[in-house]
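Below is the structure I would like to discuss, written out as structure tokens.
Chains: A, B, C and D, in written order; residue numbering restarts at 1 for each.
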């Protein structure tokens, strides 16, 4: 069981310290932040690869028509992009309150990122299958990814905040409670949307969009 | 309505402060800058995925010929790449003048990035369809994306600068006016090009290129 | 033979120094760290592009069935993602102990990154071919990439640490030994898995997953 | 003609200054460095997308055979990856010697990045066509990209260094001469390889690899 050691951000401290005295006692928070930054931005930008049209060829439908029929692609793109963007902002804020990290946290973070980096695939499924045979499976895969993401993200935050396990000393409890309050509705909301996907795939995708448009932004700003 | 709070860049300040005193009053400007950086670079680099040739196979046209006929791809690639590059540089400059952020700004920024990350798709449409059946729809989709981008970018800047809402204290008004002057022609120019696309898709793409080559660079440097 | 010169991190030092006195004596450690950061994050996120389904079309199998049959894709994705994530964290930690770099190190680092950036391809091979004709070749390609990666990563660390060649002055030997102990089992473990792939491709992929899940995380934290 | 203004790195300075006094006199060097970092890393990592095999299907050749016949892909991948990696390291070093930037430099830098971000496409052409009908056109496109890259990179450096136009005050001339000496052979070498591509595409690709393996690494380290 690793000791919980204080850490200082790896990227900034050298400027005010001797470069020849490495920080032996830091854990990996700064490192997993850099990893996280990259994964969030790339996952969001890869979403655009879901868009596809046929042609130009004599047998392809007119491009204008094709672009209008892509509306599930636009809907899924906006939903996933906004969700990733807001999770990223939350993630930075939460990490800024932590003063140390440990082995379990490291692993929870990698699992969370792994789920976020996976999002372009179910997003593409929704884009391709909504309105076609297979739309139920697509919507279930899409909403299941959001359930998994919210479960991991909640576990990530609870592990860090319970008993102030990884929280820096100067952080007031009210800041932690504000974040916890914002996190609490995530899992039940996405779980409900997953259930809805069994009955109406289209409604489930719209609800996922609504969460991104209305719930997440307010949650992103906590009590500030 | 969130209070407008001063912010300091999250990435740099810890080096000269205690790591155990988190900055509770910062808003998300530093965080959305990191997100923006990643999205700009990836969107620009994904543009290369639009290039495609057939073969090698007995039925494919000679590769040399194919490469010459790719000129709409080259044109669309250069236009989109230069536009993203310059918008990124402007974005950094504008953010450097801001001393705080708020909920509305956050959302405008995500919408702006969402549009920029979308650009590889209409760029690919122009590359595939220019000179073929469907070129009008491709050029309309392409120029409409630039219109949307310039509208969002103007809204983004006006929201920040009106009444110096998010501007840091030491910034002279002349700097703001220089940026506003550079921003003003964007929407009418791109809207005109969108109208041109109805009549001549090729001309519209060339005009978009001309804006990237002549208007944007001077706008990028403001009054410096 | 280049002199071993001290380096200071390029990104941080300017904040407390005059910007007009460039650091002439720095070598390229800070620069190859920035390059490394980008490559790790992008390679991990590109893994998602391996996922593919057919349809929607009348002849495609039901999407739900297709998603269940994708289990080799899920397995390969998780294995490769976790491995890249942990190697990245190790890499940052090891570099933080170095006080200088040289020409050989530079080249070893580029070769290591080249192998990591290659990983999405054998990962896709496993995803496509496991359970089909060709699964042996796919598993051999996959495990061979891990062997190459571990050989290069060991060479990278041994070159830096032997005789404290590139290690900063204040670093205690115990820290180096802890890393070396963690590195030692890598090559024999992956080489054994490569041999297993000749006899049972599926077992080899599961063993690679087990290494990512059990061996790497403990190695990632060294003696902390 | 814009005034040549001193710049300080945007990312680091705020930590030791008041956040409310923006740096009005900086030009865009820090900003184009951030853009450059992202583009280099992503272009290098996208190279892996050139690898493709057929199957699994009854009509596809055995996977093992296919992997062996991919050698042009491996060769092109290593050549392009190493070249991008080394150009990136050079780029950082050269920028670290500059104390200001201007409009022309900005544009040269975007053109250089545009060429580097383009490299995955001709790399894929070589991977697909070497040994097939069309290999001459592929090798010409590949080597032409390197010629263009070296011409732009030389122009970029000459513009900055001639008469110390953009060089910071404390930089000794010997450092500039070392870089110029390293840059000088680039254009004639790549131009010769381009000529070779007319007669022997395979030889031209091997020569491009040899330059990446032998010339670039020594050039990357200048006189250090």
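Just a few scattered comments:
Keep this in mind: a residue touches a chain if its C-beta (ideal position, glycine included) is under 8 Å from a C-beta of that chain, and two chains touch if they have at least 3 such contacts.
Please read all numbers here as calculations on a predicted model, not as lab measurements.
Of all chains in the assembly, those touching subunit A and also subunit D are B, C.
Put simply, subunit A has to spin 90° for its C-alpha atoms to lie on subunit B, with the angle rounded to a multiple of 5.
Two copies of one chain, subunit B and subunit D, touch each other, and the residues they use overlap weakly: the shared fraction of interface numbers falls below half.
Computed centre separation for the pair subunit C/subunit D is 23 angstrom, with centres defined by C-alpha atoms. Per-chain CA centroids place subunit B at a distance of 33 Å from subunit C.
Those residues of subunit B in touch with two or more other chains are numbered 11-16, 37-38, 42, 46, 49.
Contacts from subunit D toward subunit C in the complex involve residues 6-9, 11-16, 37-38, 40-42, 44-49, 51, 53, 55-56, 60, 62-64, 67, 77-78, 81-82, 85-86, 88-89, 92-93, 96-97, 99, 168-172, 175, 217-218, 220-221, 224.
On the subunit C side of its complex with subunit D, the touching residues are 2-3, 5, 10-16, 18-25, 27-28, 31-32, 34-35, 37-39, 42-43, 46, 49, 103, 106-107, 110, 113-114, 117-121, 125, 128-129, 132-134, 136-138, 140-141.
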